Amino acid sequence: MTSVVETTTTGPDPTPYYTVSELLAAVSCRYLQGKRRVFAGIGLPTLAVALAQKSTSPDIEQVYESGVCGAHPPKLPETIADASLATGAETILTMPVLFGYVLQGGWIDVGFLGAAQIDKFGSLNTSVIGPWDSPTVRLPGSGGAAEVMVNSREVFVVMRRHNKTSFVRELDFCTSPSPAAARRADPKVPTHGAGVTTVISELGVFKANAAGELCLASVHEGVTVDQVREQTGWPIKVMDGLTVTPPPTGEELRLLRDDIDPGRVYLR
Amino acid sequence: MTSVVETTTTGPDPTPYYTVSELLAAVSCRYLQGKRRVFAGIGLPTLAVALAQKSTSPDIEQVYESGVCGAHPPKLPETIADASLATGAETILTMPVLFGYVLQGGWIDVGFLGAAQIDKFGSLNTSVIGPWDSPTVRLPGSGGAAEVMVNSREVFVVMRRHNKTSFVRELDFCTSPSPAAARRADPKVPTHGAGVTTVISELGVFKANAAGELCLASVHEGVTVDQVREQTGWPIKVMDGLTVTPPPTGEELRLLRDDIDPGRVYLR
Amino acid sequence: MAEKLFSLKDAIGTFVSDDDVVALEGFTHLIPFAAGHEIIRQGVKGLTLVRMTPDIIADQLVAAGCVNRMVFAFTGNSSVGSLYAVRRAVEAGGAGELELEEYSHYGLLARYQAGAAGIPFMPVRSYAGSDLVKINPQLKKVASPFEEDVETYVVPALNPDVAIIHAQRADRQGNIQSWGILGPQQEVAFASKRTIVLVEEIVDDDVIRSDPNRTLIPGFVVDAVVECRYGAHPSFAQGYYDRDNDFYRSWSAISKDPDRLESWIQEWIHDAGDHRGYLSKLGDGFFDRLTPVPRLSTPVNYGSVL
Amino acid sequence: MAEKLFSLKDAIGTFVSDDDVVALEGFTHLIPFAAGHEIIRQGVKGLTLVRMTPDIIADQLVAAGCVNRMVFAFTGNSSVGSLYAVRRAVEAGGAGELELEEYSHYGLLARYQAGAAGIPFMPVRSYAGSDLVKINPQLKKVASPFEEDVETYVVPALNPDVAIIHAQRADRQGNIQSWGILGPQQEVAFASKRTIVLVEEIVDDDVIRSDPNRTLIPGFVVDAVVECRYGAHPSFAQGYYDRDNDFYRSWSAISKDPDRLESWIQEWIHDAGDHRGYLSKLGDGFFDRLTPVPRLSTPVNYGSVL
């Protein structure tokens, strides 16, 4: 995927050029409407939440794994535990309180995750490519992802790269299982949230159907269903009423570029 | 028991009059020699620890159930959670940290407890006199006593009243069991500390023998072994080398009266 | 954002109902007395009162007939006396209208911790050999899967309907800051379905945001914030007013005599009308003798590079 | 009272031995880099490194041959790069000399919590259906005794031989104060058999005692306090210096090339001689650009009636 998508001008709002990062941030932001508390790492989720705060959802709040809630950073933070996140924050919780009481306690509406691999029910691999004890690539591991998956009301996954090695039939390693996979493996352990309801990739948007299967709900401008099918490791279902993703508006792009990330820290 | 014990002058140190409170505080203090961290409620234990700090054990530290460690109260505190305990303290821990990490974590050398009833292995009743569901007297309950008993390296018990209704053959209710009682009831649950090693009463001092049974180790001045036997609900064993408790010294009394509790808040 | 500032009357009226499981917490420090009085004023009935250390506030609520059941670890008036309304309701020959569920301190605290953390139970090191396990079916054993023949007692999660606590200060979003002795307030707020917090003062956002580690409870956990100066009296609020030890010492005589206790409740709770009326009865200058000599914390620097 | 003030060299020399289980903690903030460098300087071998987020410090310790086994939840250089020494030691075709024990964040944190609390295990809500349970035998299930047919995963207590952490300030008795992002430092200090704390500054007793709620770790838990200004670099100490993001970004290029990595360790750790030498190499004025704009906390009142 190239880093710049050229689009044609459609309708009254002249759609400008935008990068994949800008597209993913703007589309993610739209799905945050009506949500209150988002648990997210740094990067695209930061942009999406910041955009939501400045547009449709002024009261949306980002909770950071480092324990910071109600952050008012004087500059765009570069890590989930930046000094700037502590400066002027409303709350910094201890780690047992953040993971135990906030996450496990069920206070998070939307968890934002990324992954090296995702399967059709939204289980995620962030541990290894290849066998665990002799991997081709050692990835970072779960971090808090396993907890975010289990404890958020729902999970959004942002996948910058959409191909058959990232959207796979079978994960090399299941780090963060979907609720369906959790129930199948351990039927007596209660599951809580809905798991992954929304995947936003460079090609389109998948939404979970009633059975929890991720189905193509929207393709981005210039992308065809067949292209998505070719780049996905499982036979995809397409939702009734498939749409073409509305591109970022001029206002969204202006906010992202001028207000939120003028230094283009995440708007790569 | 009267509140003032008259004693005869013996030896070079002219023993003055002293109250039961003064006696219990001074005797308790002596057993604290060589101990580092004491978990204690307010009252006689406060006096004993303060006396130890000012005499034989300047580094001894009192940890309070309220989370205060390294207290430097500007005045004698009236509760275990006094405002004055917070003023100038070195540390105030949260309650989960105090009970979980400090107490259960095994950082306490000596726990100080009181009780309405004690049995010969040092199990304590602080819940009810009579049956639990229809008691003659409803007592306060465990509070932290059950945790102090289980988790301290050893426990001192101070019993102001020594008679057959307080030193009993069988407790009306076992609130805080001795390690021996715990192992008998639940052999697979590990026990940790030694339980009650020392009981300081108005009549004398009991020490636990190797089997954990409390045996008379010392009688206070003017008290006979037979008197203790008559006032104790179980057939007592007497330790080899039974001593007469050395009475409070003039210096101990001066410190208690002039320095530690000049307002006689606890020196009743 | 939902409006979080409530009057005390509206907070109790909105969030506390008959037959609720209500946790009033505060460990000697910051006991929510004003909230207890308002519950009595509104005539709430059938409550299960959860409190690690039910003290005078429990005696008042029991005497007023608000409480059917008490979940507790230590019930008494610290070392200065008894709670006679509670004892009359529990002891043989009394009306016997108060059911008890008895724990030790950490047992009940661990129930809050498990409730807050969404786990089914919390292991504790206590209870082997205690008669508490005979009268409380919530104290159970499980085997450790990590060692042969090792068991531990566990207590189940507790999720009260309502937590009511008192704190020193909050902002309008309900971010709650407290210092001094902290008690189980953070645990019970996270564990409960609804949380009401009374504070000595609502402060500017900047004050809260100047010291985010001091925020014990984030606003999203709080349903109602009530500004209620001196609302912890006769308990205390570190740095605002000390404990009214005279009142504590006077309670036994009031509580021992049912008629006198009833009159006290009528006069100081019902007739006073509200917390303002209660303070008026205490009188101008009442808190002078309880006003602390200031000892301010040394500021720390939360700054970062701009 | 035992003397608690140590030089960094003596603290590591006294309390860290070959084959120890050593937890170096700090969540992005307050990572004890200077202590890691001293471990490398002293040539300690065979360590089990426990760390929720092994990052550059882990890459350095692994490259220097100090570590045989790593217990972790997330290993990487935040979002800016990889840890190539760790990867070379783990990936197929590499030397394979690094054993891994893998958790998620809360799984490992809960192990510290159980270790600190003296309980055999801690229940967590994660791990059902995860492949982590297939490769980590420490993740086990127990049945809830409170509900029919309900199970929960549990993790066992972890009690490292040594905890090494960094904090902003302490007194001579080892009472440790920290603010900003707190990480798992309190848990790991209480869980470990020995605890070494590096601090930016040793302050007067009065400073610590002016704000006792800020004391995260009481002195009795701490075996050695080391005054070590800038000892968290390239990590940061809130209010003292910010994170050196340039260094983090530069690490991939160093780490990717084993020769360059070896030279870096030789030059910046061994040849520098000690932390003072490391700071000299950074140069005068180095921290100017990382010095925060002050944002001081509003003082609170811990006073009481005298």
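A, B, C and D label the chains in the order they appear, each numbered from 1.
Just so it is clear, a residue touches a chain if its C-beta (ideal position, glycine included) is under 8 Å from a C-beta of that chain, and two chains touch if they have at least 3 such contacts.
What you see is a predicted model, and the numbers here were worked out from it, not measured in a lab.
Of all chains in the assembly, those touching chain A and also chain C are D. Under the contact definition stated at the top, the chains bordering both chain C and chain D are A, B. Of the two chain pairs shown, A-D and B-D, the one joined by more C-beta contacts is A-D. The most distant chain from chain C, with centres taken as the mean of CA atoms, is A. Here the CA centre of chain B is 29 Å from the CA centre of chain C. Centre-to-centre, using mean CA coordinates, chain B is 40 Å away from chain D. Our note on geometry: chain A versus chain B, Cα centroid distance of 59 Å, whole angstroms. Under the contact definition stated at the top, the residues of chain B that touch 2 or more other chains are 68, 82-83, 86-88, 92, 96, 100, 104, 151, 192. Within chain C, residues 113, 118-119, 124-125, 141, 143, 150, 152, 179-180, 182, 186-187, 210, 213, 238, 242, 292, 295, 302-306 each touch two or more of the remaining chains.
Contact between chains, using the touch rule, shows up for A-C, A-D, B-C, B-D, C-D. Looking at the complex, you find that chain D touches chain C at residues 114, 118-125, 138, 140-147, 150, 152, 154, 156, 168, 177, 179-180, 182, 207, 210-211, 213-214, 238-240, 242, 289-306.
Against chain D, the residues of chain B that register as touching in their complex are 36-37, 59, 61, 68-70, 72-75, 82-84, 86-93, 97, 100-102, 104-107, 151, 192. Chain D makes touch with chain B in their complex at residues 1, 113, 116-119, 171, 173, 175, 186-187, 190-191, 205, 208-210, 212-213, 215, 218-221, 302-306. Of all the residues in chain A, the ones that touch chain D in their complex are 41-43, 65-68, 78-83, 85-88, 92, 94-96, 99-100, 103-104, 123, 127, 130-147, 150-151, 171, 173-178, 181-186, 188-192. The part of chain D that touches chain A in the complex is made up of residues 27-29, 53, 72-76, 78-79, 86-87, 90-92, 96, 102-107, 109, 113, 124-132, 135, 141, 143, 149-153, 179-184, 186-187, 236, 238, 242-243, 245, 292, 295.
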